[in-house]
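Before I ask anything, here is the structure I am working with.
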Amino acid sequence: MTFFGAPVYFLAVALFALGIFGFLTRRNAIVVLMSVELMLNAANLTFLAAARGTAHVHEASAYAIFIILVAAAEAAVGLALVLALFRIKQSTDLDVASDLKG
Amino acid sequence: MSDDLLRFAPIALPIAGAVLGMLLEALLRKPKVAMWLTVASLAGSIVSVFGGATGLAGYGSELYTLDAAGGILTAGASAFALLALFLSVNYLKPQDDEFPGEIPILLALVPAGIGIIAGARHAMMIFLGIELLSVPLYALVALRRANAAAVEGAVKYFLLGAFAAGFITFGMSLLFASEHSLDLDALRAAAGRSPVAAAGTALFLAGLLFKLSAAPFHFWTPDAYEGAATPVTALMASTTKIGAVAGLLKITPLLPASAWPALAAIALLSIAAGNFGALLQDRVKRILAYSSVAHAGTILLALAAGLSAADPALAADLHSAASRASVYYLIAYGASAFGAFGIIAILERGGDRFRTIGDFRGLSRRQPAAAWLLTFFLLSLGGIPPTGGFWAKYFVFATAVQAGQLWIAVAGIILSVVGVAYYLRIVATCFMASEDAELGAPPQGKVPLPALLATLAAGVGVLVLGFAPAELLGLIGR
Amino acid sequence: MSLLPLIPLFPLVGAAACAILHARTLAARRRDAGAAQNERVVGAIATLAIVASFAVSVAGFFIIQHEPERRVAWIVSNWIPTGGQTIDFGFVLDPLSSVMCLVVSGVGALIHMYATGYMRGDKGYARFFTYLNLFVAAMLILVLADSLPILFIGWEGVGLCSYLLIGFWHENMKYAEAGQKAFVVNRIGDFGFLLAMFGAATWCVDAAGKGSFQFAAINESVLAGHVEPWQVTVIGLLLFVGACGKSAQLPLYVWLPDAMAGPTPVSALIHAATMVTAGVYLVIRMHPIFDASVLASSVVACVGAATALFAATMGLVARDIKKVLAYSTISQLGFLFLGAGCGAYDASFYHLVTHAFFKALLFLGAGAVILAMHHEQDLFKMGGLKRALPLEYRTMFVGAAALAGIPLMSGFFSKDEILGGVLAGRPVFGNEQINLVLYVVGAATALMTAFYTFRLIYLAFEGESRSNEHPHANPASMTIPLAALALLTIAAAALGLPSVFGEFKPLEHWLNPVLELGGESGNAAKAHGLSHSAQWLLLGASAAIAMIGYSLARATYGGGLAKSRARAEAMPGIYKTLVDRWYVDELYHAVFTKTLRLAGVVAGLFDAYVVDGAVNGVAASAKRAAAAARGLADGKLQSYSLWFGAGAVALVAAVLLLI
Amino acid sequence: MNDWILPLLVGIPALGALAVALAPAKRDGLFSLALLFCAAEAALAIFTFTKFDGTNPNEQFSFSRPWFALPTGAGEAVPVAFHLGIDGLSLLLVALSGLLAPVILLSAKGHIERREREFLVWSLVMIAGMQGVFLSRDLLLFYFFWEISLIPLYFIIGIWGGPRRVYATVKFFLYTLAGSVVMLIALLYLAYNFGTVAIQELSTKDIPVRAQLGCFLAFALAFAIKVPMVPFHTWLPDAHVEAPTAGSIVLAGVLLKMGTYGFLRLGVGMFPAAAVQCGPWIAGIGAAGIIYGSLLAYGQSDMKKLIACSSVAHMGTIVVGMFALNAAGLRGGILQMINHGLSTGLLFLLVGVLYERRHVREIAEFGGLAQVIPAFAVVLTVATFSSIGLPGLNGFPGEFLCLKGAFDASPLLGAAAAVGTVLGAVYMLSMLRRVAFGPITRGENQKLIDLNGREWASAIILLIPMVWIGLQPSLFIKPTEPAVDLLISQIEKGRRSLALENGASLKIANAGAAETGKSGGRR
């Protein structure tokens, strides 16, 4: 079944991989948050792509909305935390946050 | 009609309490109201679980139904949240200018999230439960905004948590892509058929393992535990694992039975990483954090065993044995960990002195009661009878032996002996300091009553579990 | 016959009484240092206990006359239930043990009386008599036992008392070391005895296949041939190892010379009359084993002969009066084993009895001399005591004459019987010539014995006094036993005149039931029987040997010390080695004590570094792993997420692989 | 039927611990309260010994309450019961533990100056744990008490011990724990594969030989560490040297016996075929242990370490006796367990007496004590001779039977084990000589005071049974005989099933190819 062969899944997996790569390599907190958003959107894409042309399209869109909603909540709290970190450390570079170790 | 209300009560009450608490607190500016509201709602949640909220059919039951084990987990989480609330009542006041009002609201949401996961019959419900559990915790960890460690811990916890969320969602999407449904029963029926579904489950699993703080996903735990205020750490230690295991109990069956070695490997890796991590630690909270990683590994041993049966008849038995063992373990471990952090919270009384093992030198002469109680909790964490921790360890390894994994059980239990070493180090520092050793200054101020009650409650829980494991076993079994 | 347990019971009660008195004295002394000891009461209790026991033995001696096989037993059954062969606490009074009882309690009583005088003024007076009574009790248990384990109880009991008594003056570390040496060497012997006991119990089975510890059963089983030859030999040899330990034969004799550290009555009682003869008693009691195994009995004979010769040589040059007597005891015991080894059990038992009398006499005499000379024991510092101590001189002369084997003395007849037994006895290792060689060795030993005995007499009593001490007279309580023993020594001759003077051998007839167990093989010497002419020849030879020894001693030491010194220097090499006791002590010390101490240190090091090292190594490697684990958590979010990603990828890969 | 005795045997010290923990009294009040409980415990123990029916081989006074059930899936579950029972094998050990209770207290009064309350609580918990181990007839309960009894000694050594106490106590705790967790796995294996954890049932079930071997080795590891057998013994000298006197008495007196008792009840009792298979090896290691322990003891300069090493040798004798697997050896092993408890307990008591006065344990520090403190010297001499097995004292019957058992099993083994008697005499007597005899070398020794009333009391409590066993061994051996004969029948069963097993494998081997093939099961 060529179903899985469809190019859209390659895009989704690429997005997901890009998100992971961004999360691992970037040091700026904001960019890291953005790469998480990328990963979440990769999931959305897969949901919608999978449900295209089937009876489950409403179900898939509901899940996508859920994920977007959760992403928003996370972003809110995340940015608040990054702000708090910035106020203390005057930098959004995540290497600054490495006092706790061992 | 009343059935529907009763079925959702365990999760509805805390959420309602939280929302109402926020409104009242905004309007009336009196934090005490929010606190009592939360206490009431959490108590209501516990009562409703035992009042028959489990196993009810009816509206929405295909999305959310609380079974006996799920009920125990929700009630346990609510109880630990309640105790954490008592623990933190006047913990923060002295030197922080924060509104204590936030604490009860956030505390109420955590058990709600766990309740959702415990009753979830749908993958998305699990994901929502995890988010509802995690986001308040990120905030709670960073409660003391001025404190660099707290914020750093929170940021790390948050970012890795978000990372895990990414994996979970992408995993779910793969599941949906291959099975066109996220209903857990349907997914379980299709377990092991398509590689995409298996990959999806694996990704979902990775997220849950992060939550469980199993190795190699555990690196956030020490920093988060150390950064957070002690009552919050107590909450995290006792509840995050409940949520993770609730999720794992529903997701692992989705894996093909032949995949159990992967879980077993992670389990042994966690026990080793946790125990060896803690062996040379000097800061007590990091020791208990690494010990929680080891305990996560032990629970995983049971789950791996639960998964390992090929033929369906034995599979059902093993899975019920695994869930029984892990639920018992969560409650016993939760109570012990909560108790240990409770003692530290009482000793610290908001100050910052009882951080390293050195601060505990000769504690048995300054605060004998605290020393003896701490020893009791540590022995339970070490799995030494007559504490609840012993039976928890016993049931987990019983499941592993029942599944025929003798050598894994032996490896696991030998590694757990390494674990006992660092608990003994703390006990030794408290009791066996030489006469002339100069002792840390005694904590000033009187012992806060609610915190004391919370810790004693945890102690009674561990003692009861120690001498009479049948009661809880019965409850879970039914 | 419930009288039997009384024999050992009296001394036990005596020992307990003395112990209580000693404890009271100690308590009194703690209050005020000078508290007087009730020496008189203690002495009386102790001596009476032994006399009572002697009386019961005499009564027993007459009672068993009328018993069918002259045998009376008393048993407490199932003393130690072993699940196999039962061990009953049983005593038996038969001809052999009754004579031994008489000798032990008789000589014991005399020595106790002597000791009341000898030990006067010693601050451990009551303690001394506690141990002495305990010793006699243990010896009586040993003699009366009817099975090997009960004999073993007496055996180790006497070992304990000899340990306590040798180290009696424990303030002096040398004496304490001597006591320990005695016990350890005895223990080495007991090791052999223990294994022999187990061997006998398992191998010597009766017709029904059931083993037993009883002498009667074991002997019967051996005679009935239920036991393979090699097993009999092994049991025999192991028994002999035990006997060597107790009766100070080669190579386990080293403890006896040092045992002279104990008070002289102890040397007389334990190291002359009773304990050291226990080994011979054992061999005689288990003689069917030695009859059945040629190898075992031959070893006994040869070791006996070798010890006799070897000890005699050392006796020639010893300077300490008690050491001379100690070497002579070892030598005479060698004689006993020589006789027993050749099958002349009644001869060696006869010599055992006579030796008990005259050796006890000599020791007590030596004690009197030492006491008179204010604890001077070196012969070269004595001399001319004949005038000062007339009674001691005469009694010791009688003892010396008996020991040397001067004709018509009891020692002469008993030693001659043994030498006769050797010649006519069972061929050692199966060929006659060896018997001849052993006879020659025996004769040489007899010669040396005569020489050193009279050397002692002349050095101590003849010539002018070489010390500025002026000897004082000894109390009556010491001289009476001397006289009594002298009479006994003389009378003992009557116990076993050679058959050439007519068949008057009361001791031999008396022992027949015990020694006739094996029928013909029981008493080999009697069966062959030397022709009259051979016996006369033998008697003449023994007499000649004794007289030569006497005159040689008189010649060398008669004229005072100076001349004898010159002769000794004439052969420096031999003299030196003899004085240094063939360097045996140094050899033992180097071989045993040093290696054992070294092994202890090596074991300690091995234990600390290897075995314990392994345990600590495990802990250290755990710590190293812990350090590595800590290193991973470097606090950087990137590395955490790296681990997270790697973990996720690995998990997915694993699941996919394992489907 | 009087099934109240056994729960009380465990209950009295436990209640005592609770009472002492909560009692408001001060130092002496606490001691007398604790002593009261210990005296009751001792009385009950002696009462149990007298009322024990010596002819009945199986357990008596059994007390059993269901505790909980371990669900094993498919509906049924493994019943776990709080099941106490006493029989020939555990009778003497229960009596000894009861008897030692007052001794521990009396000796502790002398040298425990600080935190008495905690010490008394831990000692009483210790006694309860010990009795629990000897009385439990359910494997899980056995394990429960087995690990509980570790904690009190951990604290006793840790808090009141010598300079290196923390190292010693952690080493003791972890070493024993590592062994016992492996036992837990075997225990679980039995629970799931044979559906029961009751020792009685498991002994009657005929477990396949291969499974028996696996479980036996797992149990054997835990017990070998506890006994301790030679390669696993390095924790004992450290624990003894650092432990306070009372701790040493209870450690040497009873704790080591849990290992040998475990070997007997769980090793030989439940896995006879494996016991027969491994018997010669374990007996061999035991014999090597005797010699190695003796050499170790000979090289020691610290009096307490010397006695600790001597315990390694003595326990070796017990193991040799037991694993001779015959009537004499088993009887000897059981009797020697309490003999070692009594004589080594007394020796440690006496070392404690010296330590309380001179605060030093080096043998060189003493010398000529017989002149200064004669009473002490007499008791030390009696204890020394009892420990090297002098007839008339308790050491002889036990050691005699062990060696006889070993000899019956194989003369070579008997000879090797008997060497221990000679070596024992060497190092014990040299210690006695250097301590009690010879001139007084140190000035401080002049002013030593002799045994006081308390020390005499605890010494006499030990001396009476020591002499009694020496004079009347049958009184103590007879009650154990039926249980031993039952064990022998187990061993025979094991031998038969082993022969069957080897026989079967032999037939296969023969059927496969014509080859020499070793004969059937080794004896």
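General remarks:
Letters A, B, C and D mark the chains in the order given here, with residues in each chain numbered from 1 onward.
Assume a residue touches a chain if its C-beta (ideal position, glycine included) is under 8 Å from a C-beta of that chain, and two chains touch if they have at least 3 such contacts.
Remember, predicted model here, so these are calculated numbers, not experimental data.
Chains that touch both chain A and chain C are the following: B.
The greater number of contacting C-beta pairs, out of the two interfaces A-B and B-D, is seen for A-B.
Every chain gets a centre from its CA atoms, and the centre nearest the mean of all protein CA atoms is that of D. Per-chain Cα centroids separate chain A from chain D by 64 Å.
Mean C-alpha position of chain A lies 26 Å from that of chain B. Chain B and chain D have CA centres that are 42 Å apart.
Look at where the CA atoms of chain C average out and do the same for chain D: the two points lie 37 Å apart. Shown for chain A are the residues in touch with two or more other chains, namely 20, 23, 94, 97-102.
Shared interface positions of chain C, defined as residues touching 2 or more other chains, are 630, 633, 635, 637, 641. Chain contacts: chain B has residues 155-156, 159, 163, 167, 222-223, 281, 421 touching two or more partner chains.
By the definition given earlier, chain contacts exist for A-B, A-C, B-C, B-D, C-D.
Those residues of chain C lying in contact with chain B across their complex are 622-623, 625-630, 632-633, 635, 637, 639-641, 643-644, 646-648, 651-652, 654-656, 658-659. Chain contact summary for the complex, chain C toward chain A: residues 630, 633-638, 641-642, 645. In the complex of the two chains, the chain B residues touching chain C come out as 155-156, 159-160, 163-164, 167, 192, 195, 198-199, 201-203, 205-206, 209-210, 215-217, 219-220, 222-223, 255-256, 258-259, 261-262, 265-266, 272-273, 276-281, 418, 421.
Residues 4, 9, 12, 16, 19-20, 23, 29, 32-33, 36, 39-40, 42-47, 49-51, 54, 56, 60, 63, 66-67, 70, 73-74, 77-78, 80-82, 84-85, 87-89, 94, 97-102 of chain A are the ones that touch chain B when the two sit in their complex. Here chain A touches chain C in the complex through residues 20, 23-25, 27, 94-95, 97-102, going by the rule given at the top.
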